[in-house]
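See below for the structure under consideration.
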Amino acid sequence: MACTLQEIAAALGGDLLAEGPVRIEKLASLGAAGPHDLSFVAQARAVPQIATTQAAALIVAPAWAEAAGARGPCIVTPDPYLYFARLTQWWRARRDVLEQGKANAEPTGAPPSIHPLASVDPGAHLAPGVRIAAFAVVEAGAQVGAGTQVGAHAVIERHAIVGEDCRIAPRVVVGRDCQLGDRCILHAGVVIGADGFGFAPHEGAWVKIEQLGAVRIGHDVEIGANTCIDRGALEDTVLEDGVKLDNLIQIGHNVHIGRHTAMAGCVGVAGSARIGAHCTVGGGAVVLGHLTLADGVHISAASVVMRSILQPGQYSGVFPIDDNKNWEKNAATLRQLYRLRERIKTLENKTP
Amino acid sequence: MACTLQEIAAALGGDLLAEGPVRIEKLASLGAAGPHDLSFVAQARAVPQIATTQAAALIVAPAWAEAAGARGPCIVTPDPYLYFARLTQWWRARRDVLEQGKANAEPTGAPPSIHPLASVDPGAHLAPGVRIAAFAVVEAGAQVGAGTQVGAHAVIERHAIVGEDCRIAPRVVVGRDCQLGDRCILHAGVVIGADGFGFAPHEGAWVKIEQLGAVRIGHDVEIGANTCIDRGALEDTVLEDGVKLDNLIQIGHNVHIGRHTAMAGCVGVAGSARIGAHCTVGGGAVVLGHLTLADGVHISAASVVMRSILQPGQYSGVFPIDDNKNWEKNAATLRQLYRLRERIKTLENKTP
Amino acid sequence: MACTLQEIAAALGGDLLAEGPVRIEKLASLGAAGPHDLSFVAQARAVPQIATTQAAALIVAPAWAEAAGARGPCIVTPDPYLYFARLTQWWRARRDVLEQGKANAEPTGAPPSIHPLASVDPGAHLAPGVRIAAFAVVEAGAQVGAGTQVGAHAVIERHAIVGEDCRIAPRVVVGRDCQLGDRCILHAGVVIGADGFGFAPHEGAWVKIEQLGAVRIGHDVEIGANTCIDRGALEDTVLEDGVKLDNLIQIGHNVHIGRHTAMAGCVGVAGSARIGAHCTVGGGAVVLGHLTLADGVHISAASVVMRSILQPGQYSGVFPIDDNKNWEKNAATLRQLYRLRERIKTLENKTP
C-alpha cells in the first residue's frame, strides 16, 4: 500500500513542500503517526503537535505552512480536513484495486457478477457491473443500478429500486417498493421498509394498520449499521439527498428528512416528524412525532424535542450529570420546584 | 389494484353514501389524496379538511356525515380510524392475492413450501401451508404452525415453536426453546432469545451466568425491526397476547409484559421488570430492572422509570429542551438547586 | 438433564449437607422452584424465602447454612452467586453434550466441520475443531481459531481474525481486518467494524472520510444482540479483555474500553471516548465523544456524560419521573430556574 507524497499531491492537489520523494506507508493521527506515516492538522488546538509528531509528512492550512515546513515535508491546502477526507477515499480505492486486481479494472459495461450461492429472481433487473455476494436475495421486479455491490445475506425485495454505485453491506434489507438513489452506502443490518408502528385501538386491543407506503431515499445517503427506516402508512417516508445517519437510529413512518441533515447514533425520530435540511441531531436524541424542525436546527446529544422548532440554532435539554449524592438531592428538590417558585413569590410579596 | 367504494363497503360494512360506482385507486391521507383516492377523517382537528381535500371519497363518523356527504361520496361508520385499519388489511390481502396468484389460493392443507436453498432439518416439524424462504434455517425439533411464512435468512433454532399464520420477516432469529403464539409478526432483524445479561463479579472480572430460560410470546404480538427480547436466566421472559413493540427495543431477561401493552421505538426495559397490561411506553423511555408497573400506566417518551408505579396514569420525566444558552444557565443552576432551597428556607425564617 | 446434588458438588465443590442422593431436575429461582429444583440464596433480602421455597436443595453462604440445613439439603459455599454462575455453565455444557453427543466428544484435533451450504473461501484459515454453520461466509485471508463456532449467516470478512473457543451467533458480522481474542461470545446481529461516522463538511454537504482502522477485541469479551462496534478512522477501536456489552449498544470509532468494563443495553458511546477499566455504564446512558472516564467510574442508567470524569465513583443525571401534571409544572419552572436564582439573590440583598 505504500506510495509517495508526490503521488498523493499529483492525485489530490495542494502545494507540495518536499525535497525529493517521501515514502508514505499509511495515514495516521498526529499522536499515533510514525516516521513513515502521513498526518494532518485540521484544528488550531492541534498546532502544538506539529513540533512533536513523528509523522513523515503533514497536511496543513497555509497559516501553519511555515511551522510545518520547518520540520519536514508537507502539503498545504486551504481545508486540511476536507483534503484528508478525500485522501482517505483515494487510499481506500487504491487498496481495493490492489486487492481485487482485475475485478475493479473490468470495463464499465461488464455483465453483472452473481455469486453462485445467491438467489436472484429471473424477474429482477441487474444493470452492468452489479456484484451480488453469496446468499444475497434479489426478488422479482427489483432493480439494481450499474456498479452497485450487494453484500452477503442482503435482501432486495420485490419492486425495490437501488441506484448506481451503491454499497449494500452484508444483511441489509431493502423492503418491497422502497427506493435508493445513487452512491448510497448502507451498513450491515440496516432495515429499510419495515412496517411503521400503526394501530387503531379497539376494545382494549390494537388493530394493525397495514403500512402501504414505502421509503424513498435520495442520492449520496449513508445509513449506519442496524439503523431502521420504516415504510410510510400511506405516503412514503423520505430521506433527501446527502442525508447521513449513524448506527442504531430509528426513523418512524412518514418522517421527512431534508438534504444533508446528519444524525449521530441511537437517535429516535417518531412518525411524521418533518426535519429540515442541514440539521444535525446529536447521539441519543429523541424527536417526537408530527413535529417540524426548520432548516439549520442543531439538537444536542440526548436532548428530547417535544415541540416544533422553527428557528435555526442550537437546542439542548439534558439533566447535568453529577456525583450521585448531589444528583439525588437536586433531583428530589426538582420535584418540588414549582412549590419553591411559589415560596419565592410569597417572600417577594412580603419583602418591601 | 383499483376497486370501487361499493366493493369496500360490501367487504367492511358502514353506511355507503354514493350515487353510482366510485373508482378507488389507492388509500391516501386527506392532504395528499388525489381525485381517485379514498381518505378518512379520524380526528376533530381534521374536519376542516373535509371541505378542501381532493379525495374521491371519505370515511367519516356520523357527526361529520352531512359535511362529507355534501362534497361527495362517503362511508359513514362509528369509528373511522378502526375502519381505516381494517381497510388497510383488506387492501394488503387483496394486493397479495393479485401478486401471488395461485400461491394464496392453495387449499389450506397444502404441504409446506420450502425454497430449495433453505436448510430445514429433517427433525423439524412444518405444518401445512408453511412457506420457508431462501437461506432460512429451521433446526431439529423446531415446530412451525400452519400458514406461517418464514423469511429469507430467518433462523428457527432447535426446539423453538412458532404458531400459526405468523409472518417472520427476513433474518429474524427465534432462539432455541423459545415460543411464539399465533398471528405474530416479527420484522427484519428481530432477535428472540439472545442471552440475558447476567454475570457474577469475581476478583474484578465477570463470570458468565448461562441463561437457561427461554422466551414465551403470546398470540397477536408484533415486534419491530432489530428489536431484541432476551431469554430468561432460569425462568422465561414473557410477552402476553397482543403486545406491540416498535423497532430497536431492548427487553431484558425475565421481563414480563402484560396483554396489549405497546412500546414505541428505542425503549429499554431492564431485567425482571414487570409491566402490566394495557400500558404504553413512549419512544426512548427506559424502565429499570426489578420494577413493577401497574396495568394502565402510560410512560411519556424518553422518561426514565426509576421506581415502581402502582397507580394507572400518565407519567413523565424529561428535561425541557431550550435554546442552548438558556439551557446552559438553567442546567448550571440545577446543580445548585438543593442549596437554593436552603437559601429560600433561610429567607423564610428571617421574614416575618 | 436430571442429575444429583452429589454430582454437582463433586464437579463444583462446596460443602454438601445432604442425607442420601438428591435428584435435581432443573435450576430455578427461590420463588419459582419446585420440589425437584435447585435454587440459591445470594442476597440477605432473600433469606426469609429459605423457609418458604419449595426447592429440593439450596446453595447458601455459611451464615445461612443452619437455616438452610434445617429445611433440607444444601451446598454451602462462600459466594453462592458465583457458585450459581459456575453451575449454569456446568449445566449448559452438560446439556450440549447430551444433545450433540459425539460432536462434542471429538478429539481436539478434529478437522474443521463446514456445513455444505456455507461459503468458506479457500484462502481462509480454519483451525481444528472449528464449526461453520449453514450459510455462513468466511472470506479470503480470514482466520478462525480452534474450537470456535460460527453461526448461520455469520460473515467473517477478509483478513479478520477470530480467536479460539469463541461462540459467534447467527448473523454476526466481523468486518475486514477486525480481531477477536479467545473465548469471546457475540450474539445475533452484532456488527463489528462497520464504518465510523466521519465526514468533512464542504459547501453544505458531507464528504465521507473512509474509515481505514479496524476493531481490536480482547479475550473473554461478550457482546449482546444487534450491538455495533465501529471501526476506527485511522487507528483501531479497542475493547480490552473481559469487557461485557449488552444488546443494542453503539460504540463509535476509536473508542477505547478498559478491562472488565460492563455496559447495559442501549448505551451509546461517541467517537474517541476513552473509558477506563472496571467501569459500569447503566442502560440507555450516553457518553459523548473525546471524553475520558477514569477506572472505576459507574454511570447510572440513562445518564448523559458530557464532561470527562477523572475520579472513581457513582455518577447520575436523570430527570425524576413524576405524574404528568407535576412534571409539567416543574419542567415549566425549570426553564426559568436561572431567573429564580436571581430573584433569590435579590431577596437576600433586601433581607437583613
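As written, the chain order gives the labels A, B and C, with residue 1 at the start of each chain.
The rule is simple: a contact is a pair of C-beta atoms (placed from the backbone, for glycine too) under 8 Å apart; a residue touches a chain by one contact, two chains touch by 3 or more.
Note that the structure is a prediction, hence the values are computed from the model and not measured.
Different-residue interface: chain A and chain C share under half of the residue numbers found at their contact. Overlaying the C-alpha trace of chain B on that of chain C calls for a turn of 120°, given as a multiple of 5. As a whole-number value, the distance joining the C-alpha centres of chain A and chain C reads 26 Å. Among the residues of chain C, those touching two or more other chains are numbered 117, 135, 153, 171, 189, 226, 248, 266, 284, 318-320, 322, 332, 334, 336-337, 340, 344, 347, 351.
Listed in rising order, the residues of chain C touching chain A in the complex are 117, 119, 135, 137, 153, 155, 158, 171, 173, 175, 189, 191, 194-195, 197-200, 202, 204-212, 226, 228, 230, 233-235, 248, 250, 252, 266, 268, 270, 284, 286, 288, 299-300, 303-307, 309, 313-320, 322, 326, 329-330, 332-334, 336-337, 340, 343-344, 347, 350-351.
Across the complex, chain B meets chain A through its residues 26-29, 32, 79, 81-82, 84-86, 88-89, 91-92, 99, 115, 117, 133-135, 151-153, 169-171, 185, 187-189, 220, 222, 224-226, 242, 244, 246-248, 260, 262, 264-266, 278, 283-284, 301-302, 318-324, 327-328, 331-332, 334-338, 340-341, 344, 347-348, 351-352.
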